[in-house]
């Protein structure tokens, strides 16, 4: 399971990296007269209403989806790690404030907020990444915090304190390395969430029209649902498979870390 | 005196991914009717598994059970026959456990939990009367019936568990480390209560404990269990005075705390000068 | 009551220390209430109490892992409870903990060698050559053969071995006091005896003092010079082991002593 | 219990306040005149613009603007939607009904189905676990709006079994029963789509909590009493296993509502989601903000309700017991 899902993500990464090298950047945008062709030998995934090749669009869209997914998961992971570590280790007022903040985030309708921000402030990859990361770090922060709290009370952390090792070194060398597993698990889940969120935003037509992502192709598909099913089936399947791969990978990490599983 | 329980050559294994791990490899035990028997051993010696087996509480698989013979009240039974055991459970024998809090349902009032057991044996009309009788028997005030488990102290919870166990007027009570999780003061109260109940109700007791002192106080006979085997048994007094097995000796040594400590205290010149 | 029988300048001196915690729903728990006692150099003091009596909170207080709400803690003649963590660093080496749960006492990502090396590096005079120093430590706690254990992780050791390793780490910085919180409660009978023997041996060769926290009166009788009895956050009685067992004054102590009655008394 | 209610209500205040303030800041942070964000690109009379400018004190410092915005929100004045020719509040409330009509039954069914799956997965160990993790992974990974599309293509376009869009038939039906049936037919696909995620959530938690409850010691007590396995399950295991499930329903209500909003536009269900999409397309920002405010408030309310239900079931929470012996 871990190999299949990991392999799929690696394959997608390769596609994302190689696409701009092998394709001319205009190719996916190439308008032609062959409008709304069903999948055939010439166009494996068919063409859209402007005669653009869906396969090329899907390949091109891999970049945006993956970049948004991975970068925002990374950013959320880092923010969450720092905030969670501070919250768990320092305790007191800082902890209380951070926890209240994450609680508030938890009850926010994240998609609506993201849609609101993007709609009002304007779309763009970086902005979408910032919004997704900015809204999904609390998850990680909570996980990190509970891990830090748990490990802080364990014998080895206390023994290190009794040896006179500084608090900062204890946090960095004793606690965080042992808290990393759950952080990775939750980060892969964040990546899947980010990919779905990006797809949803572009599906709602909130991303700028000159970038191609899986969600934006899907959005065209929604308009032409009755005539051109291929516009929905292929990009949708890819979003699903990618999110699935990240989720599966996250599950594998979590299972490997769970002492009860063996 | 007839035996209320006889069990010969019990073996309990667990299937862990194809490997058979013995929890109990060879255990034999007899409890005379109305008698009191102690079963001592450390954690991991298999004594709790033995108790669960007797109560038919092990799920098979993963557990694999074998015994040469198993009889309750002289009636021979199959060791793995859960249906037969569950008919006896709550009628012929009942059980109390180590950690009284976790053995009570946190969402249900204590009275309801006693009632569940009572209903199986008494008619609808007698239920309330019987519940209050049971509470009296274990020296709990009547108001406890309306309390939730978390509102009670450790000792009261153990009494509540005893009330549940006694609901069906058992002939044999299995007590698995009934005092381990309690305060010392409460421990003594519960031991006294067990002694009193045994005298009043004339039921047999199988006390499973790692604490030699409470076994010595409560039981006439003792079985010593080690590594899944019953290695020694006999009247308490004899065993404690002249154990034949080396392991029993080390258990007794630990209980007397005479192993190294005293010797060292004596051989350390001036060791007491600081304190004394 | 015991002030005149205690050494003039005790190694550890706890003066009316108190600490309370706030529970989740706002109720205050007074874990330790105005507790005073002293531990002299080279002495073994047993702190006896049941779970919930506050003895573990007291241990954490002594180790400065939590600070008292009021009261003072003096170590080797110096008040330490109000020092900052930075100031505490060197003083902390005078006392070291040995924990109950040996499986959590070591960082799972470090080998035996790495764990002990970390401890040795913290000592006042870190050895230049680590490997022989680590091996020597392992031999002191009777972990043989040292060379084969070095690259193991703590979870690859048996419970008894881990507990010895815990003692080795404490010894690495040459402490004068070891605070041992139920170090034997997870161990089998046979291993208990061995570890007790080891602790006594170390005391004889190094003159270390022990604050030995236990719920087991029989252990206290076997091992300690003096006994402190803790009940509901307070020390209800303290005295030499002989005094406590021969003529306990406090009602609670009497119960404890009675409960710890030797098997001979009961079986007779 | 009173205390619990009080603390939860107190907790809700800052949350709603944050939602309102975020709303306010967004309007003011949009490049250009905030009026653009408030009115959108709808051609309105200059008199009206002046009125808004005065009402919201847009010529005053930011702090005063915030106060007047808060005051406006508290009075229920969320602005006016020119596109829909309706006040935002009434529009949003009206659409919220349709959304809840879609979400409510879906949540209820999903909870039951999730519990069933959890029970099955425990009963049949190997295959049950595989089935459960497949369901969970599917529910967590599938983009709901796409799933909706696929269902429409299959069941409406190809097979003509179910209506593709809306909440009721255009031609109208007569009689309560026929109306109900008509609604049900329209509900099936979006309801299923919304429910999929939730089934996954419930199934995962319920499996863990059921397994946990089954291995609790009090089950042994119950068994030792001699009561039947059926009674043990219904009286002892299920109530205890439900506690985490209730928490997770409340905790994930936001996600469920978001899912509904995403699904609606696919099925043209006349709820908040469709409204959101239309408003974004039309740059009708007050409506978007209104949806954010309302959905945030609903989620907060549901969270409070969850805690109260939890407290109602669990006497330990009710009495503020914090665990331990």
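Note that the chains are named A, B, C and D in the order they appear, and that numbering of residues resets to 1 at the start of each chain.
As a convention for this text, a contact is a pair of C-beta atoms (placed from the backbone, for glycine too) under 8 Å apart; a residue touches a chain by one contact, two chains touch by 3 or more.
Values in this document were obtained by computation on a predicted structure and should not be read as measured data.
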Q) Looking at the contacts, which chains touch chain A and chain B alike? A) C, D
Q: With chain centres defined as mean CA positions, report which chain is farthest from chain B.
A: A
Q) By number of C-beta pairs in contact, which two chains lead? A) A-D
Q.
Centroid of chain B to centroid of chain D, CA atoms only: how many Å?
A. 51
Q | Distance between the centres, which are taken as Cα means, of chain C and chain B, whole angstrom | A | 33
Q. Cα centroid separation between chain A and chain D, in whole Å?
A. 22
Q: Mark out which residues of chain A touch at least two other chains, giving numbers and ranges.
A: none
Q.
By the touch rule stated above, which residues of chain D touch at least two different other chains?
A. 321, 325
Q: Going through chain B residue by residue, note those that touch at least 2 other chains and give them in order.
A: none
Q | Complex interface listing, chain B residues touching chain D | A | 55, 57, 86-87, 89-91, 94-95, 97, 99, 101-108, 113, 116-117, 120, 148, 150-151, 154, 161, 164-165, 167-168, 181
**Q.** Residues of chain C defined as touching chain A within the complex
**A.** 63, 65, 85-86, 88-90, 92-93, 95-97, 99, 101-102, 104-109, 115, 118-119, 122, 166, 169, 173
(Q) Quick check on the complex: what are the chain A residues that touch chain C? (A) 154-156, 158-167, 174, 177-178
Q | Contacting residues of chain C [partner chain B, same complex] | A | 5-7, 40-43, 50, 188-190, 192-193, 196-197, 200, 204, 218-219, 221-223, 225-226, 240-242, 252, 255-256, 258-264, 266-267
Q | Contacting residues of chain D [partner chain B, same complex] | A | 216-218, 220-227, 231, 235-236, 239-240, 313-316, 319, 321, 325
